[in-house]
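You will see two complexes here that share chain A, one where it goes with chain B and one where it goes with chain C.
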Partner chain A sequence: MKAASFLMTGTAMALAMTPALAQEMSTDMTIVSWGGAYQNSQNEAYVKPYLEMNPDVSVTWDESSNEAVAKLRAMNEAGNITWDLVDVVASDAIRLCDEGLALEYNPDQLLVPGDDGTPASEDFGDLIVSDCFIPQIVYSTTAAYRPDLLPEGAPAPTSICAMFDLETYPGKRTLERRPINNMEWALYCDGVAKDEIYDVLGTPEGQDRALAKLDTIKDEVVWWSAAAEPPQLLADGEIVMGSSYNGRWFSAIEEQDQPFEMLWDMQVFDLDGWIIPAGLEPAALNRVVDFVRFATDTQRLADQAAYISYGPARASSAPLVGEHAELGIAMGPHMPTDPANSENTLLYNYTFWADYRDDIDAKFQSWLVQ
Partner chain B sequence: MATLIQLKPQPFSFTGPVTAAAAAFAGLFVGTAQGSGLLGILLGAALGAALAWGLMQAPLPRRTMRWGIAASSALVGLLVGGTMGLIVGAAFGAFFGWFPLWIADGRYRAGLPPYLTPGEVLWHYAFRVICGLIFFFLIAPIVVVMPLSFNAENFFTFTPAMLSLDPAGYSLKHYEDFFGNSDWQAALRNSLTIAPVATLLAVSFGTLAAIGLSSEHVPFRQAIMAILISPMIVPLIISAAGMYFFYSRIGLQGTYVGVVLAHAALGIPFVIITVTATLVGFDRSLTRAAANMGANPVTTFFRVQMPLILPGVISGGLFAFITSFDEVVVVLFVGSASQKTLPWQMFIGLREQISPTILAVATILVCLSIALLTTLELLRRRSEKLRGMSPG
Partner chain C sequence: MADAIDTNTGTTRADRRAEAADTGPVLASDGTPLKASLRRALRAQKLRALMLVAPLLVFILVTFVAPIADMLFRSVENQIVSQTLPRTTAELQGWESDSGDLPSEDTYRALLTDLTLAVAANTHTRLGSRLNYEQSGMSSIFRQTGRNIDDVAAPYLDNFEALDPRWVEPGTLAALMTDPDYFAAARAWREENPVGPFGGGATYDQPIRLNPGIGELLPSAAAIFRDWAEYVRVENSAVVGDEEPWSLFYLRLYQDLLNVSEADLGAYDGPQSDLLLETKRMLDQFQPVSIRDRFIEVDAGWGNPDIWATIKVYSPSYTSGYFLNAVDMQLNAEGVSMQPEDERIYGILFKRTMFMSLMITGSCILLGYPIAWLLANLPMRTANLLMILVLLPFWTSLLVRTSAWKVMLQQQGVINDILVWLGVVGDESRLIMINNQFGTIVAMTHILLPFMILPLYSVMQTIPPSYLRAAKSLGATPFTAFWRVYFPQSVPGIGAGSILVFILAIGYYITPEIVGGTSGTFISNRIAYHISSSLNWGLAAALGSILLGAVLILYWAYDRIVGIDNVKLGG
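For the complex of A and B:
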């Protein structure tokens, strides 16, 4: 612990000094992200403005966030880090941080205070779930359905348990090909109280119970691995309901006029943000730090919400969230954090999944092929 | 072809079941599409038999009946499925207005040797139907992509507007996206700068290797050959991982040169194989004759050997080009984001945002591949003609 905090202070000091000394900065950055609408929102909200301020800098996008952990491990082994800034979900950031592949930082020194003067560590608050993780957005994994594909007379679903109710809502549904979220939903719909879900899921019996619940719909589930698949399947009418990220549903419903309805019940909040790979050259590090300071300020995070319906990670950004950049609709009601949408939510339990991920993953995968 | 035998009209006891079988086969697909394959088979068989009976009994002229059936079937299609139904219905009607009479008149035996048994006649047509089906299963997935690439929506879906052939359901926006989007254009540029250089390297080295390996005094020819063509046999992911670590050590990972070298290594086996095959037909006494007349080995190569093996070199080069142009695994490892090629861009496009722009690109690439392979085939024919192997 001592060693870790010492390292952290050392890094933080180095980071803090960089802007003041205006050291040499490299002129190109490779930024890793997810592609699609999300990467586009980052590009519009902070990369383009940054490039306008620094015309000599060029940015290359690499859409590899999906395999960021594996690729960073390989780069580390090969001793050749080619990425400058990597967008990952919080759980990946925790893994990368534990393995020493991501740089630890001190929020109040690396990041600028909020527009209202709140220090960054308070402005981001609990969302800084790892010493390496620089939060950008809050997103949720949630369900949507097609009202026109429901059977005659079936009531519109109001609970996530509609996913497990084949009698009222027959037809295929899609779920992510991993245990996270699905196991929680299965236990919840099997009658486990919300605050006991992770206690139950920590026991082998609880895991079997969740899989048994999933077993009841297994034949009707199409498993997805890329978040773009569920909207495609639902648009095709291949499925009647499914889970995906709320931003994907928003894009399909509002931007592409698809006849979907959101089912916000038991949406699972998760975080996405940056990590800086460990072992960057000083010039590259200086450039990245300069960019990150800009890209995570209050206004930039609020701007991002004009392009995608994910909530900004800074508390001070929330009041600045405005309208969709092209459609002109207010983005507030489409945020997963909007009170109307967040009546019944679940927060992704990072510590639980950090401890149990490998075991439950193995169990889930072997259940999947049975 | 002249009819060799007197055509024998067939009775209904033969025409009826044959038509019913064909209609049942068609009914299987229509029925499956509507929800019940079994019902489709039964209804198809009944309709087919009735149609055959009706056609054989009706006193109307053949041509009138045929047009009548096509038109009424098209009308039914129109009522059921709109414009698309009209086309499908007309096609079905045209076929089933013709088929029963073709059987009934015994015209199906025209053009076949008269001594064939009924079983052999059946096999003659069954063989063609099977070949047609195989062709269909190979081609259909590629053909389906093409109309979808003109979709006006951002999903891989045949919208109702598309199915009714409404112009509003179609658009060129995915092609516009491809030509207007800087990501796709950068990927296209990368592909077009990597593939030709990789091809040039692969052709030069591959041709030299093939010529060297085909001369008899080279020791361990088989072993060297096996090593050189191993990139074609070893799973790509293994080559890719190996190249990644090796290139990282020597500073080639993530560079343009690195990707070109990796793709050249993948292309070399194709060049070696095609050139070796051409060299089999190459007469060695020609090089001796050239030497006898005072030409040095280099002159002999360029003036005598090269023109004769050129078709093999070019087809090897085309394969090497397509390998590099279509390759995604190795470039994901060896390249970095600034060497993003077209297949790489398509790969992320498919995974992260299922956008029909990929279909537009796929359509363009399919057309390009067809053009390249047509060139290849024309070259092959030309070389056969030159070598007098074919009279054409």
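For the complex of A and C:
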């Protein structure tokens, strides 16, 4: 434990100095994000307000989050870090942290306490899945279907296992072209208890079992690699049901009036958040820290939910979630974390997939091409 | 260069003339032999030619050849293991991985040192992800062990504390190990620079100086103390006397105390020498524990000989492992073997990439040839209009074109709708034309077609139409005239177009990713996955090298069969 806490103080030192050296802040910041509606929500909820408070600061967006890990590694090897703050999913944050490319931080020193006074480490709680990861939102990979495409008389699906039930729900479905989430669902629908899924999936027999279950629907699956594909496929009637991110379903249903229904059962929670690249100049680091303290406070994270249906990572933000900025509908019921939606959920198992991803991915891809 | 060759021939001719005259070497006007004089003139010329191309050459070397070479080099590079675990890999040389036993206690101690230093430098998790490519679970073993590395030797610290509580006072240790002047100066500096509210603060700028004499008395403990003191000074802004050292230090101290004789200890009179002597006398009360057991307690993985076998196999600085993985083989303790059947993927993908690229090239020839012929033979105005039609898609975004094919080919898409409307297929049996090989071939043929048409067109333009007319007037049927007279002259265009299309197709990535489904993806999709997602750059480099090698071999074969001189990109 000692070594780890040493490291902690080491990094914390760099971060804790910020208030004292507030004058030494760079005036431009390159923020890396995903583009699209998500980046827009960040821009509206905290980048614009921050720029209003600091008129001398300018922000450049780089829509590279998809390749952030590879690019950051390349920048690090070239010795020239041009990014100041990077938005990544939690599994990438863990990878970047493992590679020493992201800065470790101490939550209670870097981040402000919640509005109710809860220290940041408790307010974010378990969502700080890596020493480098500053959580922003909770999103989920979940299923949706088109009631009008179901066969007559078929009951509305209530379980993720409808995905594997070709008799009741014939037709094509879409799943992501990777093992993560699909293997879990396959085992769950093959009768494995939820808390034993990863024990089973860690064994070669369990992996074969999951693939065998997926094999039963293989001919009927269209595999997607970009999250925009499932709503398009469902809207065109190419499929009857599929998995995608809940925010994508939300915008198809509420913003584009598509006749989809959400199937929240066994939605897999995942996290998205910031990492600060290792090796920033002190002035740049000070600016980033100043921004991150602002952008991750209770109100700002709650504000973001007005633009996109992803749940704020702070517990203290949940009561502040209001209405959609343009549609004026209450956002609460569209959050993956809403009690009505989260009766049966799974949390992305980061440690498991960090260990088994390469192995299971090889098996999965090999299974796909055969 | 043409001049140079001419002059060169001149040289040999002059030589021959000189030999024929048989009057010794021909001399130039300044008296030097003509041969040498000419060579000097030529050298200057060659140098000047080289200087002219030098900027481009350097540019290509720096921006193209060097980065590619650097990237490809990663396919064999493997220094990370021996650099992160130097002592452990050295110890492992003497361990037989097929013995079924765990490595010696010394190996585990070496691992403790390596990992303690690696955790300080924050490189242990990087090594974990590297080894995880070879064996699942490595990543969390290293992360978990790194988190608890200081617990491994903690019993030694506890033992020392039980013998004498003074051992865990940072001040006592610092006084024992560091040079008294340095210690005093460091403590005085600390008084002036108190630790801030969050820890940290300014960094003391004097590197550690050890107590003279302590290095000979307690060599291994002194070495680790120095490493630790430098680490906390630079990374934590701490100075000696602020913090307790790593528990590894206590293990080293115990070993040193076992080895040192009481007489040597008695003769030593540095600070805290009495504490050392007292402890040495009580050493029989010490309860040493096995570091191996401690490691296994921290993470059960360390009790698995397979984990050690993997570390040993991958300890050399260069490895064939990535290349073996790239051809569905693996390197492990038993040697080289095939991957399990259900994990083989790259062989299939390489074959598929080749096959589909050939298919695409073939369909480009079939579709492009008539269009190019039309372009070359129509009146200028019509031809120009057609040319714009060829170029228009060329100027449209690749993604737009690929997505358009999706709309066209999908089951509820335009083509299927028309077929159903015409009654050619039933509503229930709509054709599956996308997310498979067919969709990929269609979309990529469309995208790569201009690369076939343009070289074909420029070659066909140079074939005079009168040749065909002449052949016909000499009695050839239209087919014979085309096949015997026209076609052979257009082969250079086919060659150029085929090379372009094939080489572009073999490395294509975006289109197969979008419309390829599972049966239409290429090897490049896996390379992209390993570059941007799994971060297994070594494997990506190996796959890339193989792909590059395959293209070069095909190019060579093409040169042998068709002849590269037969390729024409323009008139």
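The rule we apply is simple: the second predicted complex is superposed on the first by the 365 of 370 C-alpha atoms of A that agree within 3 Å, B and C clash if a C-alpha of one lies under 4 Å from a C-alpha of the other, contacts with A are read in each partner's own complex, and residues count from 1 in each chain.
Definition applied: a residue touches a chain if its C-beta (ideal position, glycine included) is under 8 Å from a C-beta of that chain, and two chains touch if they have at least 3 such contacts.
The structure displayed is predicted, hence computed values, not measured ones.
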Q.
After the alignment on chain A, I want to confirm one thing: do chain B and chain C clash, or do they fit together?
A. clash
**Q.** First, second, both or neither for A:35, with chain B first and chain C second
**A.** first
Q) Counting only touches as set out at the top, which of chain B and chain C does A:151 meet: first, second, both, neither? A) neither
Q) First (chain B), second (chain C), both or neither: which does A:236 touch? A) both
Q: Examine A:356 and indicate which partner it touches, taking first as chain B and second as chain C; both and neither are also allowed.
A: second
Q: Mind working out whether A:97 is in touch with chain B, chain C, both or neither, as first, second, both or neither?
A: second
Q: Return first, second, both or neither, reflecting whether A:66 touches chain B, chain C, both chains, or no partner chain.
A: both
Q.
Just to be sure I read the superposition right, which of the two partners does A:177 touch: chain B = first, chain C = second, or both, or neither?
A. second
Q | Partner contacting more residues of chain A (chain B vs chain C) | A | C
Q) Regarding the shared-chain residue A:222, is it in contact with chain B (first), chain C (second), both, or neither? A) second
Q) Which chain A residues come up in both lists, the one for chain B and the one for chain C? A) 66, 226, 236
Q) Touching chain A in the complex: which residues of chain C? A) 116, 119-120, 122-123, 125-126, 128-129, 132-133, 136-140, 143, 146-151, 196-201, 231-232, 235-237, 243-244, 246-247, 339, 342-345, 348-349, 352, 410-413, 435, 513-514, 517-519, 521, 526, 531-536
Q | Partner chain B, residues of chain A touching it in the complex | A | 30, 32, 34-37, 39, 60-64, 66, 74-75, 77-80, 82, 226-229, 231-232, 235-236, 256, 258
(Q) Under the stated contact criterion, what part of chain B meets chain A in this complex? (A) 153-157, 183, 244-245, 248-249, 253-254, 336-338, 340, 348-354
Q.
With touch defined as at the start, can you tell me which chain A residues reach chain C in the complex?
A. 1-4, 6-7, 9-10, 12-14, 16-17, 66-67, 69-70, 73, 95, 97-100, 109, 172, 177, 208, 211, 222-223, 225-226, 236-238, 351, 354-363, 365-370
